[in-house]
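The data blocks that follow each hold one structure.
Look at the two complexes coming up: subunit A is in both, with subunit B in one and subunit C in the other.
Moving on to the complex of A and B:
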């Protein structure tokens, strides 16, 4: 769309808007805004005030391990989805999501190394929760089964909404370096959750029968999600009243799509 | 947040919308030329201006150069959503996703 000043963005035709926000060009100039000047997701001058006590440090490493496996699932899922994406716009958008997920995995592994973990990938795999590993398995099963709607639902609505809610809660009380890393990831996640919800919303509008199949997928994944939410809340020290808020944040997008 | 008015408000009859001059507020999640249309929600003490609405999907504040009226279309570029402004039960305006 060039570089000319924009008088009123809300006057764009919808088709033009979709073309713009799905583009690699839009992605590139978006991430440039908040990632330039950072190294592995944070500014070099940010003071590393990570937990000095052994217990708290181990706790943070376990939290990051779960994030790594979640990001690995999203990376594998998004890259697999490119092959079955229904059109060029969604293929291009998913290529930007793959880059985002790869970056997330890299900065989180790097953070674990900062915290003294010699082999972060192996450690992440060893420490991550069983529910998360099971979710990753189920997500990849949907991708391999070439079920576009179900895989987008599992990945960009369920997994990304959960990550968005958990990362935001964690960032509020995290040490400065971890907070900066999470804040950058949250900015990427906005695009991913929005893409999933809007893509599915449009498809459900055009083909309401898909809803029955997705409701079944949700039912199959629900117990894993609730386990993951429970684990994450405990690990990042969320108070009981905030836990309900976290669950609500996750459920809102599912409900907006008509799944109660 | 209240942006500067571009032209005086026509109070009588309110047949014309108020227009606002938008300036960047430090929002950095979209390409530079779109940044003035969005800002961060600053928490409980924050207030929406008559030209602003919160995106229900990603919680960013969406801004327009025009006063918002029910039926207006808004775009949330940070999360790629199309929204419609509606009047809620308590009389305030809110944005809802329009797939």
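Moving on to the complex of A and C:
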């Protein structure tokens, strides 16, 4: 037998890489580093310096409400995607994502409870923006339509990139407990974005016509995302010039896949 | 509801498995632990072991589809989050049993082919009955089918396998003890959550009972195939290897005929079903014996 063609060798290495990063084992060792010793997303000794003024407190609760609905959408999306995932490896990765999104939802609801909200899930639903709820609805529609590429694009690229940009901006100026919670979530979201880019990058390479379909999905969802960015920036108190930066951070993720 | 949130929270899950019994494991066992030579060196025993492990992968794949599929059917947040942890547990089980197949010499590219070749058709039927309920987003039937019937079966099968492996295969016994700990949580959730739902939806009872009866039949048929056609005991005897005298449900597995072992397992699982179903207000239905 001669040596395998270069492409095959490369594919094999890539397979091995995916096998590793999409496994439970990989997830387990990743989260071990930043979740051990935390309770509901933060260390117990972290001083809770949450806003004491009524207005600021309400503001934070509204922001967290939106995050909760985003995480609910991600939990529903990721769990629904397991049914249509093309192989065992992607099913396993999505299962780790399901647990991550469930955790995000849990720590955020818990944070709302800390801030005095008695029924956080109901409150989140009451306060969250219409655009976000519409996005949640659209995402579920794509998942139920069993459109793997479009649903992964909407969830692991668009939604995750939005969350990543917003959480990072918010964490910078947040109170210590909220910051720790967000920092932990951001680490998870980075893995989810990586999965989306990897999964779609390969598919776009192999079947360029998928790009046209995804561009249409993006067109439908982009205005919702940019509206949500606008809302979130206002609520987390982002300066106008940083707002553009936020939008850029979101757009960059989408552009990495070749969408301009 | 507050108690349910705490007991079934992701926080509780993080503390009870990743930060406890999964610490320092690799694919469910110690990094140094290996499959024993008496399996790897004997073709017949190896094939039987692969065949048995395939059934575990099939069962766990079904549990993964069911637990993830039920998240969007769950009527409350706490159940959703519990099912999120269960989804991850089941994915882990799929992964560790798949890795066992690799350790037994199955090539990665032959994984699906091996599963197709050896998957027991009765077990596939068993899974289909449950997944049909999940597909219809029928939460009550889905949770009974999954967290009581499927998990109850898995729990007893794992315990029996654990008893048989502990003296001779520390690696696989280790893998099994972690999965048993997970399944115990899953069964507990089924009982606690579904009891009140059954009370709210008494009209679901006949359908749930019928499902349990059908699933139980295919479970027994799977057991029958697994024990009656198994060559392991004969092969070990021919090779002069004494079977370990493991105790399970008060009997010595090392001296029993395969048919007797089948009987003990079937009786144990069905008894468990009866008790657990009774606790949630479902009348146990005796299945036909294959």
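A few remarks follow.
In this section, the second predicted complex is superposed on the first by the 248 of 260 C-alpha atoms of A that agree within 3 Å, B and C clash if a C-alpha of one lies under 4 Å from a C-alpha of the other, contacts with A are read in each partner's own complex, and residues count from 1 in each chain.
Rule of thumb we're sticking to: a residue touches a chain if its C-beta (ideal position, glycine included) is under 8 Å from a C-beta of that chain, and two chains touch if they have at least 3 such contacts.
Note that the structure is a prediction, hence the values are computed from the model and not measured.
In the superposition on chain A, A:205 makes contact with subunit B only, while subunit C stays out of contact range. By the touch criterion stated above, A:39 is placed in contact with subunit C alone, subunit B being left untouched.
Of the two partner chains, neither subunit B nor subunit C is touched by A:244. Residue contacts after overlaying the shared chain place A:75 against subunit C, while subunit B stays out of touching range.
Contacts of A:92 after superposition on the shared chain: subunit C is touched, whereas subunit B is not.
Looking at the shared chain after the overlay, A:256 reaches subunit B, while subunit C stays out of its contact range. In the superposition on chain A, contact is made by A:83 with subunit C only, not with subunit B.
Looking at the complex, you find that subunit A touches subunit B at residues 3-10, 12, 14, 17-18, 20-22, 26, 29-30, 33-34, 187, 190-191, 193-195, 197-198, 201-202, 204-205, 252-253, 256. The touching residues of subunit A, counted against subunit C in their complex, run 19, 23-25, 28, 31-32, 35-36, 39-40, 75-76, 79-80, 82-83, 88, 91-92, 94-96, 98-99, 101-103, 105-106, 109, 121, 140. Across the complex, subunit B meets subunit A through its residues 28-35, 37, 56-58, 60, 64-66, 72-82, 97, 99. Residue ranges of subunit C in contact with subunit A, taken from their complex: 9-11, 13-14, 18-19, 22, 26-27, 61, 64-65, 68-69, 71-72, 77, 80-81, 83-85, 87-88, 90-92, 94-95, 98, 108, 111.
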